[in-house]
């Protein structure tokens, strides 16, 4: 497929990055059924770390096999596949060159006693496994936020120097944030903006609610109607350097298909670049997952 | 002995590893009386660190001598011998080339005030001593889990680069886990899965009980009868990349011989790759230990 | 495009390489109009170094512009574009992600007083520019051959460790080789074999004549009719680990289109993997070059 | 002064360079009386190394003082000042921030027994002294050309990584080149092209004669009238990636003022980016030098 | 197989080597049909480098395939397989763990204009490929001998530190040695002794003739009858630290089977440790080669 103007326009916004980083962003943006549209859908499978294998895969047992996820991402024509070291290694040879990969470099788990994550891979791993990007989670609000930022700052610098892109999962959590606050619009926009400030090439946040968490921020949000999800998406996109950075959204826990499609419509309408969708696909039977991913892709192509 | 299809099938699952790592896995899998079967029995002797010498060896005084354990592993035809630096060094020259060795790189002790371990060896030690693998313990659940993960991530990357395999002992402990929870099925499967995600080539866990610890996980386990130990073993194996990684089980404290044999039968029936068995052998008189190991090997050969 | 069995079969032969190297080989083998066929056509533009700008580009002045060559490779649907540092840098941002690139790391020139080359780039350059492979020329027979080998040995090891493939141009030259000997069948096969032994992932040699240069080798070639070019190609392919390595052929100086097509037919018939064709394309007007490359591609697709 | 479109157009051609390199190129291109025009005049003072102090400075004794040259470059409104380590150090504090500096990193001298140069400074020196670029001389044709290329390849890579630009003096010399050949059009264009291939940001060559040195190149030059110096300049510019790289010309030995002006007119007419002019200025009394530089600048501004 | 006293006695002589080196020597000495006897037969396939592919393999075309040699070494029950980087890589994954490998780290070729070799691999390669030893050729007598010695000194030190054994091919060649002198008894013994002094764990020399080359050495050899090959072997063995180092012999060019067997008998009788035999096996049809290797092994087992 030839480079499209939509993708070229996105790449041009990464103006200080070297051609290697751009080529890897291009690999993701030109791959799969959304290749060339400037939209993307990524399959992330780090739930084994976060929630354990049974909660993640028992509902759809073939998903215990790492090859299942590679094949799902390939067959659904997704833009990229993101997972921790072990999951990537277990299929990197079989599927070499078949789908862009994002090596998730840190992970938490259900038993964590702090709002922190462990580094589980390196830039050298990403290179030897043929990945296009590294992934890293930060927890804005957490007592460990500064440590997480300093870790990703070093990894991002190393990745940049070898032409790999950096994807940052920015999840407000911990500290003085309330539970509702973790999904608040002001908090989500703030978290996305910090990821952009740290140098993320792709920013991954949750779809925000219309709650405003911070007292000091209320004034800035007053007088605008935030009830439409697409407007909230647009606000997050604007917060990422006025749309100069790719922003993708996750939907969180498994939910009804209609809500998943509505989310995609809202992300599309708000100018988001796409979805990162894990449990909602691999926890459904493969046929249903493929059908759902097909519909999401159709939405991002403006065909549904 | 020629390479068997059983072993070749296992090696092929380590698809992203270099030939050096595979050759060392092959050394373990092709060695001893179980060589070629795809099953393995490993003798670990790190109890001196964990419990002190008297609690470990007084019941069978010849076991105070490091040579005793090398000789036991060799005479019993075991697959490998695992121990900390000092124990390995005390016999590595005498027994060079006679049994694959796993250098245990971290250890705790009875007086530890945290659920953590100290790093006591390095990859360079493993190479100069002629070991085939490094070993490392992680404590999922512990406040120190993230540190342990980051330590093993670096050691594993270094070991991989020089062709050594990595064995991870994954022992849930500490944090909010209850005592029963440390042996719970959901916890054990999760712990094994995390070891796989970190990149373990061989995963070592305890045989799990039928207790389900995590409230959030109960749903995933409901409706299945977990009373048979072999089913629980199968669940752990499935949690290790659907059987793409070697999983071996320990029996814990010394117990009756019949229970030891029953455990081996259950591991065999559940598709586990074998046993790692320390106190149950070296705390018995040598003749009894050899007899017991002979029976266990017979079980894994399908002859008992 | 999905991975094809033809390409998968080739990748499987690189059994000791990490998934990164395989992914980069896959990028080349799956790109362009020959993507998926196992055949490839590469555009090399290092003639500016070797012969100077006027001899290289005056006949087709748009070719003075580095962008011209990127665009030619892209529009013709070639598999990859190979050039020295300056040429790659002059278009790497504009064309990021549009065609696999091979960074040629050494070069000679018309005034060289020894049969040697200068190193003009590094593996770090290849990474930051988004290249899939490094390229390096060796001169078997030259007094400087051992130095060239030691240079490429280090660069290849570094490239391998970061997942980049290595392409070796193996051009017999200098020492006691006669002029006819540089193109001799025995010499070309030997040169290709040495590139394979050094660890080349893609081997680039000239189409050999039916001359046998080495007295000691005559016996091995006697009794076989080497008059057909396709048989000579097949012998070179056999000399590259019995076809376990990708071998591509250059046609040398600009020549008649019919001879260029016949060469491609012979490479195809002899089991070669394709052509690396520079002067014969960029020294023709763009329309003619595109038509010629289209026909060559058709030949490799078995359609002409 | 605001960035001009003329300079922006030049910077955009350095598409793979990081913003640091571009900012340093911009500093030179936006400085002095030609700032913003896309033209530049540089004062180089390395003749002390090349010819010794008396031959260089006795005719205008104030020029023995390094401050003299800084002040001349500043007062004349030149674009940059280039000199070896000692000369730069002797005024870098006094004139800090007053004129862009190019640290010349290698030098030869009158007694050299080989066509080679000694490295006399490093990228670290350039940084600590506040320079905008490094300078390096290569001798295409020399027996030491490959060594010089490998030296500048490493220095250029280091300079690039810290955001410094690289200026290459490309002077054909030695080997089989005749004396006339050193100034031949084909040779000069080739030398300039190789500097571009090595990654020079600014290429410095001598104004070429209409002699064609290489037998093999004659065909490429036949049928064109090369008698006009401006056409020869245009050919060299075309040989530098079709004008994608800044090319400046030196006039060589001191000569009549009229010839100096004619040279500037020809460089201007041929699309060259300017002059690097040393002996023709600092070997004249300061007033005359300032007047001459004023006229040259007027020519490049299109005002003379 | 349990460690034998024959092998243990050999290992004990390597008294300053670490257990890693001994374990790797043990792997070779305990492997294959001669495992445990203290004798060894190694298959070396570096003739592709030394003589080119056609001279090496055309007589037995299946030998063009690197897998052929691995399989031959395995099926014949040899002690180890030695080859350069590319040959080892082309089968290291398929045959991982099936035969001890020696990575040959330098090589020459038919066109070499000096008595030297190029380094083509490193200790890191040997580790990641799972080799037990590195191999290196020195040319005592050559103008390049000191360089070769200094290269192997560094590689041997690095190999030692990571537990790999070092095999040195010691081939007198060049300088003032006559052609007959290269095979002379005094020269061969001297060459073997220097390999021992450099730190070789296994020394590989040619079977010496009864010629005495060095005038100064004649007195030392006078009065002894050197007509029996087994006595000459014994002298070489004695020259390698009185038998404290493993010494193996090559037979050189392909020759009659009877002579090959006689050589083995003489090596056995003289106390040599075995044969390294390449062309005499892989240049015969596989069945004949297996038969020949079977007989050689029988000779070393004292059964023929």
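Here the chain labels run A, B, C, D and E in written order, and each chain numbers its own residues starting at 1.
The definition used in the following text is that a residue touches a chain if its C-beta (ideal position, glycine included) is under 8 Å from a C-beta of that chain, and two chains touch if they have at least 3 such contacts.
Only a predicted model underlies this, so the values are computations on that prediction, with no experimental measurement involved.
Novice: What's the overlap between the neighbours of subunit B and those of subunit E?
Specialist: Touches both subunit B and subunit E: C.
Novice: Among the chains, which one keeps its Cα centre farthest from the Cα centre of subunit D?
Specialist: B
Novice: Give me the rotation angle that lays the C-alpha atoms of subunit C onto its copy subunit D, rounded to the nearest 5 degrees.
Specialist: Rounded to 5 degrees, the superposing rotation is 70 degrees.
Novice: Quick one: which chain's Cα centre is the longest way from subunit A's?
Specialist: The most distant chain relative to subunit A turns out to be E.
Novice: CA centre of subunit C versus CA centre of subunit E: separation in Å?
Specialist: Each chain's C-alpha centroid was found; their separation is 36 Å.
Novice: Could you put a whole-Å number on the gap between the CA centroids of subunit B and subunit C?
Specialist: Distance between chain centres: 49 Å.
Novice: Based only on mean CA positions, could you tell me how far subunit A sits from subunit E in angstrom?
Specialist: Centre separation, subunit A to subunit E: 56 Å.
Novice: Taking each residue of subunit D in turn, which ones touch at least two of the other chains?
Specialist: 15-16 - these are the residues of subunit D that touch more than one other chain.
Novice: Name the touching chain pairs, please: which are they?
Specialist: Taking the chains two at a time, the touching pairs are A-B, A-C, A-D, B-C, B-E, C-D, C-E.
Novice: Which residues of subunit B touch subunit E once you look at their complex with the stated criterion?
Specialist: Subunit B residues touching subunit E: 2-3, 7, 11, 18-27, 29-30, 74, 92-93, 95-98, 124, 127-131, 161-163.
Novice: So in the complex, which bits of subunit D are touching subunit A?
Specialist: 15-16, 18-19
Novice: Enumerate the contact residues on subunit B facing subunit A in the complex.
Specialist: 13, 15-17, 140-141, 143, 145-147, 149-150, 153, 157, 172, 175-177, 186, 189-190, 193-194, 196-200, 214, 216-217, 219-221, 235, 238-239, 241-242, 244
Novice: Which residues of subunit A touch subunit B in the complex?
Specialist: It is residues 48-49, 51-55, 58-59, 61, 64-66, 84-94, 107, 109-114, 116-122, 124-125, 129 of subunit A that touch subunit B.
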